[in-house]
Structures are given as C-alpha cells and as structure tokens.
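A single structure is presented below for examination.
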Amino acid sequence: MPSLARNRSSPLPGFGLSLGITILWLSLIVLIPMSAVFVKSGSQGWQTFWAAAGSPRALAAYRLSFGAAALAAAINCVFGLLVAWVLVRYRFAGRRLLSALIDLPFALPTAVAGIALTALYADTGIIGRFLEPAGLPIAYRPAGVVLALTFIGLPFVVRTVEPVLAEASSEVEEAALTLGATRLQTFSRVVLPTILPALATGFALAFARGAGEYGSVIFIAGNVPFKSEIAPLLIVTQLEEYNYAGAAAIACVMLLISFALLLLLNLLQHWQQRRMA
Amino acid sequence: MTASGLREPPAAKALLILAAVAYVAIMLLLPLGAVLFEALRHGWNAWWAAVVDPDARASIRLTLIVAAISVPLNTVFGIAAAWAIAKFHFRGKSALIAFIELPFSVSPVVSGLVFVLLFGAQGWFGPWLERHDIRIIFALPGLVLATLFVTFPFVARQLIPLMSAQGRADEEAALTLGASGWQTFWRVTLPNIKFGLLYGVLLCNARAMGEFGAVSVVSGHIRGETNTMPLQVEALYNDYDFVAAFAVASLLALLALVTLALKSALEWRYGDELRARH
Amino acid sequence: MSIRVEHVSKSFSAYPALNDVSLTFNDGEFVALLGPSGSGKTTLLRILAGLEVPEEGRVRFGERDVTGDKPASRGIGFVFQHYALFGHMTVEKNIAFGLDVMPRGPRPTKRDIGRRVEQLLGLVQLPGLGKRYPSQLSGGQRQRVALARALAREPRILLLDEPFGALDAKVRRELRVALRQIHDELGLTSIFVTHDQEEAFALADRVALLNQGRIEQFAAPAEMQSGPASAFVREFLD
C-alpha cells in the first residue's frame, strides 16, 4: 500500500497516513469540541462572561472544588508517602496485594465510589453512625467532598513517589548514618528533600483530578448552592437551565486553571530531572 | 545488601506497615465491601431481580455497545499516533503529545459539555441537526462521542513511550528483508507491542465502561434508552431504590476488580515489556 | 587508634563473604584492602564501619569492643565510591552535616561549625566552593568534599570504599597524594579498599590481600613483592 508521504528522516512507510489519522482524529474529537467552550463562553461578551464565571455562586463553587481538592491532595501526600515507603522499603505478606489495590480508584467507576462512600459515611452508615454523634459529620457536607477526593486521588501520590524511592541509592542514607544522623534525621534531612519533586508532582496530579471530579462527589456532597456545591455540578445545573453561555463560562475558568496546572506539572518534571542529575 | 543500621527498628517498621495497611483498608477496602454488602442486603434473589430488570439490562447493553465502539476506535488512533510519534522525527512532537493528553486534564463534566455546545439544541450544529432529524445529544452518538473524548489518550499514552523505547531497528530490518509497510506492522511491530497494547486497551475499556460525568451531561437520563450502567446506578439511587442501585454497582465493581487483577498480572509478568526504558 | 579484627565471619544468604578473618591495624597506619571482586574486602570495610554486623567474631577499636556499635558512635569517617553527597545541599551544608545533626548538648555553635567547614575546605584544597552544589562540581572535587565531610567530626579512623574508582587517572593521582598528606597531617588510622594493585602499593604502609573471604597475605608492599605467601598472591601481583 503506497504511503501518502515520506518522512525525510527514515525510509519507514506510513508516516503520512499515521500522522494524518492522528491529527484528524485529534481535531475531531478533542480540539474542535474544546474550542467550542472558549467560543461559546466569549460569544456574549465580557459582561455576560464575568456575570456567570464570577458570580457569588460560582466563586463559592470554585472555593469548594479547589479547596477540597487541595486539602485532599495534601492528605494524600502524607498517607501516600507512608504507603509508598512501606511498599518500597519493606517485605511483608500481602505486599503485592496491597500494591494492586492502590489502583482501585483508577479502575472503579466514579458513581460506584460515590454511592459506596455515601453508604459508609451517612449517619446510617457503618462509619457515619459513630462520627455523626461525635460531632464529625461527613456526609452532605464539604468534609464529604474532601473524603471523596481523597479516595480518588490516593493512587497519584503513591505511584509518583514509588519509583523515586525505589531508585534512591542507599549510599546516601548510609553516609548520613556514618555522620551520626538518627534514622529520623536521615529521613527528614536527606530522603524527604530528594523525593520532594515527586511529592509535588503527585500533589499536582491529585489536585487536578480532584478539582474536576464529579461522579464520586455528588452523592456525598450536600449539593446546596453556596455551601456544598462543587463547580462541575454548577455547570450541569446551568446546562439544565439551558444557560449554555453560563455553563461554558464556568467551564472556561476550570479549563484555564487546569492548563495552568499542566504547565506547573511540566516545570515540576524539569525540577525533578535536574535533581536526579 | 541493606546495612543492619539502615533499617528502622522492628517496632517502628511494624507500626508503619500497620498504619499503611489500615489506611488502605479503610479508604479502599471498606467502600468496596460496602458495595457488596448493600447489594446483597436483601439476599441473592433481590440482587438477581435487580440485575435482570429490563432497564438494568438495557443499561448493560448500552454500556457494552458504547465500549465496543469507542475502545476499538481509540485503539486504532492510539496505534497510529504512536507509530507517527515513535518512529519518525518531526517538529511539534511534544505539542502533539500534549494535545493528545489534554482530555486527562479536563473535568468529565466539561468533556460532556463540549459536545452539548456543539450538538445540543442551542449548539453550533443544533438547528441543522433538528432540521435533518438527527439526534446526537440525548442519544447513542452523544454517549459515544463523550466516551471517545474521555478515553482518548489511554492507548496512545501507553504505546508512545513503549514504541519510542523500542526504536526503529526491527522495522528497518524487516524492510531490508523485503517486507511491505503493512507486513512490517503486522508481523514485526504488533507482536512487539502486544502487552503494552493489551494494557492500554484494558485501561481504556475500564474507563469507557465506568465513565459517569461526561456521559451524564450528554445523556438525557432516559431509562432504557440512554442510561449506561453508571447512569442507571445514579437513577436508581436517586429513586431511593438502594438495593437495585448497589446491585448494578456491584457489577461495575466486579469489572473493576477484574481490571485490577488483569492489570496486576500484566505488570508482574511483563513489566519489562510494558515499561519504556530511557 | 589501633584496630583489631578477631575471627570475623559474615555470609550473605549462604554466600560466605568473610571466613574467619583476623587482622590487627596499628595506630596511625595506612592500610589497603586489596583483592578481586567478591573477595570480601568491601564487606570487611563495612563491618569496620558498622554498616554490616558480623555473624561471628569481634572488632575492637583500641580497647573498646565495637562489634555491636552503630556507625555513628564508632568515631569513624566513611568515604563512598560514588561520593554519596547530598545533592540538595550546598558543599558547606554537606560538610557540616555530621555536626548539624549532633544532639543539642555536644553540638558546636553555628559559628564554630562555619569555621570548621572553612578549615576543612582548606584542608582538601577547595577554598571558596562552599556555596556550590554537588552537581556543579567535577568528580575529583566531589570526592574532596566527601572527604572533608567525613573528617568533620574529627574521627580517629578513616574508611574509604574504592574512593577513586569513579575518577580518571590524572585526578586519581592528585587525590592519592592529597589523601596521604591529610592522613599524615591528622594522624589518622586509614583503611581503604581498592582492586587497583598499583594504587594500593603506592599509598599503603601495609597491604591485606583478600581472596574469597580469606586473607592471603598481610604485609608491607615490598615484603609482598619479594616474598609472596601463596600462588594466588604471586599471580595477583603479576
């Protein structure tokens, strides 16, 4: 089958065809649809855009979505580091099973996670029935959002920190030992700074995922405007009211923040490369 | 050789392991258990009745159809993209890769929104579609498009580093031996990437069947017609039909466990073939 | 500080790395542990450092039995083959590390630590490089920093694991001279591991040649050359 074009750097055929398919499919499924958000949100002028994207209700929604995502990512940094440490440094029965389980939030449909978490933490649930009277209600409150996002983001920190921990040479830790550092000092002064870029990357990934999360959150959040309504839900509500421009405006804000995060992530990768050198 | 002084005292080590296991058990195992517990709350009969309910069966069928369409399409795309990117030099490669990975950083709701903006009643093509009586939003095509968007990068992102690490040598060898482009692809490239491909398809499928946010936006929630399994779970749950909701959810949970098992099996046995070594 | 190794044995999962090894190092001596890979020389060094614990035998520093002691309390300085510098800390902070992590009581003041770092930088001939990061230094410079770092706590015993293995020939020769000078100046007892016979013979007062976990010969270089104790020694020295 003749190739459509030859790439100068190699006699391998299929360049034109494969690149053509790639760009065509990319444009059809991703690029053109995404441009619709920006076009639509700007279609009715700046005034309407800011009225929707900057309305008090929207601001409350951003605060909740991004705030909860940040808190959940921070929690995941602490516990994710613990889990990664245990998985990399220790051998124990069931280690492989534990490692396989970590990816559950990736594989489990978000709606399933959503109703499961609600069942557990509502005041009738196995855990909720103890927390509620203790004054720590979780379901139908912002705390529930944080919990759901912690579930969703759990694998990110673990998986980004694991390879860095595994590759870290023991020589450096032994050096600290010979210089008189206690195990705790070695961890905080030598190991932790080395994995900091990986931790930051994991945080950013978990944060990005959590900010836009929908399915696992809407069952356990209260979904009360201004109090427990996440930004994606606000978008859906606007759509249901046929306010396309409003929905697009809010989506625009979320996209811009996502792209800023992407950029940050890229910079973090570079930081990590330099550290490894 | 780990130095004896390099290890934490056994008490600390045991404590850390316990803490990690407890955390994972509470955060991950409990929700999983809750699904099964709630699904079987009224016994196997109630579970079975919920699963064979016509609307539930329709949702299962729909989920399978959507996956059966989206996964192969994105797989072909993924292979094409990986071929172009891994085997050739051209400018703008990193930009292309960044664009391909774009759907990963977009909220699922926004992923569905974009298609409503295009094909919804007030969308760009809305009036045209109405005139020709074609339904995209609130119908199967919309579901497929939204699913295509969210599962877009899975296969490509798995294959690109893999094929880049494998280089061109094998293909060039095949060419010198007289094979055509397609022969080279089928007989040389494909076998080399078979586990990476399988892995990517596995993840793509899991996401395709489990997607909620994006499909929710384009679906219209018409039971029996435009509800995939995750949407059906939501519908039943909102109707307070908890046992039925968890019954359908349990099927999805089972899918997740199978995915995890296959994923782990692939990683353990073929880890080297899956990973890109730089 | 003299060192006595008494009937030390160590295995790694059925692989015998050291087999009933006994040696005495005199105070102020410069000794080379020489041998092919797998001979046990690095294991012996790490046992002296406290990074490994022998299954049998004792190790004494002076009169003290240090066999079960942790590295931190043995009064040793250790230099690794690949420097093991802390990449995220400046040269200054690297050298000061052993002093910074001391408990409140014995820890010197910040000013004293600063002075000591300056002094050490001068000793290893790297004045003024305190604010650099390891990634900005050459291999030879990095090893000098590693040496300075190991000396910060004024150890009596200096242990070096193939310290020049990762460096090119010219840098190696420079560092050899520098190392011997520092050893003499500070009155240390130094033990270094190498597989390079020329290096061992050029630097050491006495050389211990190991093979498969046993000492083949432990003598001054001249003595070893003129009177090899076994066929292995003879062949190794060729």
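Think of it as A, B and C in the order they're written, each chain with its own count starting at 1.
Operating definition for what follows: a residue touches a chain if its C-beta (ideal position, glycine included) is under 8 Å from a C-beta of that chain, and two chains touch if they have at least 3 such contacts.
Bear in mind the structure is a predicted one, so any value in this text is a computation, not a measurement.
Engineer: Mean of the CA atoms for each chain, then the mean for all of them together: which chain is nearest?
Structural biologist: Answer by centroid distance: A.
Engineer: If every chain is reduced to the average of its C-alpha atoms, which one ends up farthest from chain C?
Structural biologist: That would be chain B.
Engineer: Please tell me the distance, in whole Å, between the geometric centres of chain A and chain B computed from their C-alpha atoms.
Structural biologist: Distance between chain centres: 16 Å.
Engineer: Express in whole angstrom the distance between the two chain centres, defined as the mean CA positions of chain A and chain C.
Structural biologist: Here the centre of chain C sits 47 Å away from the centre of chain A.
Engineer: Indicate the whole-number Å distance between the mean C-alpha point of chain B and the mean C-alpha point of chain C.
Structural biologist: Each chain reduced to its C-alpha mean, chain B and chain C end up 54 Å apart.
Engineer: Out of chain B, which residues touch more than one other chain, so two or more?
Structural biologist: Answer for chain B, listing residues that touch two or more other chains: 3, 5-6.
Engineer: Spell out, as numbers or ranges, the residues of chain A touching 2 or more other chains.
Structural biologist: 174, 177
Engineer: Can you list the residues of chain C that touch 2 or more other chains?
Structural biologist: 50-51, 70-71
Engineer: What residues on chain A touch chain B, complex-wise?
Structural biologist: 1, 3, 7, 9-15, 17-19, 21-23, 25-26, 29-34, 36-37, 40, 79, 82-83, 85-87, 90, 92, 94, 96, 98-113, 115-117, 119-120, 125-127, 150-151, 154, 170, 173-174, 177, 183, 208, 211-215, 219, 231-233, 235-236, 239, 242, 244, 247-248, 251, 254-255, 258-259, 261-262
Engineer: Give the list of chain B residues in touch with chain A in this complex.
Structural biologist: 2-3, 5-6, 8-9, 12-13, 16-17, 19-21, 23-24, 27-32, 34-35, 38, 76-77, 80-81, 83-85, 87-90, 96, 98-100, 102-103, 105-110, 113-118, 120-124, 145, 148-149, 152, 168, 171-172, 175, 180-182, 184-185, 203, 206, 209-213, 216-217, 229-231, 233-234, 237, 242, 245-246, 249, 252-253, 255-257, 259-261, 263-264, 268
Engineer: Any idea which chain C residues touch chain A in the complex?
Structural biologist: 49-51, 70-72, 76-78, 80, 82, 84-89, 97-98, 101-102, 135, 146, 149-150, 152-153
Engineer: Which residues, counting only chain A, touch chain C once they are in their complex?
Structural biologist: Touch list, chain A to chain C: 169, 171-172, 174-182, 185, 189-190, 193-194, 196, 274-275, 277.
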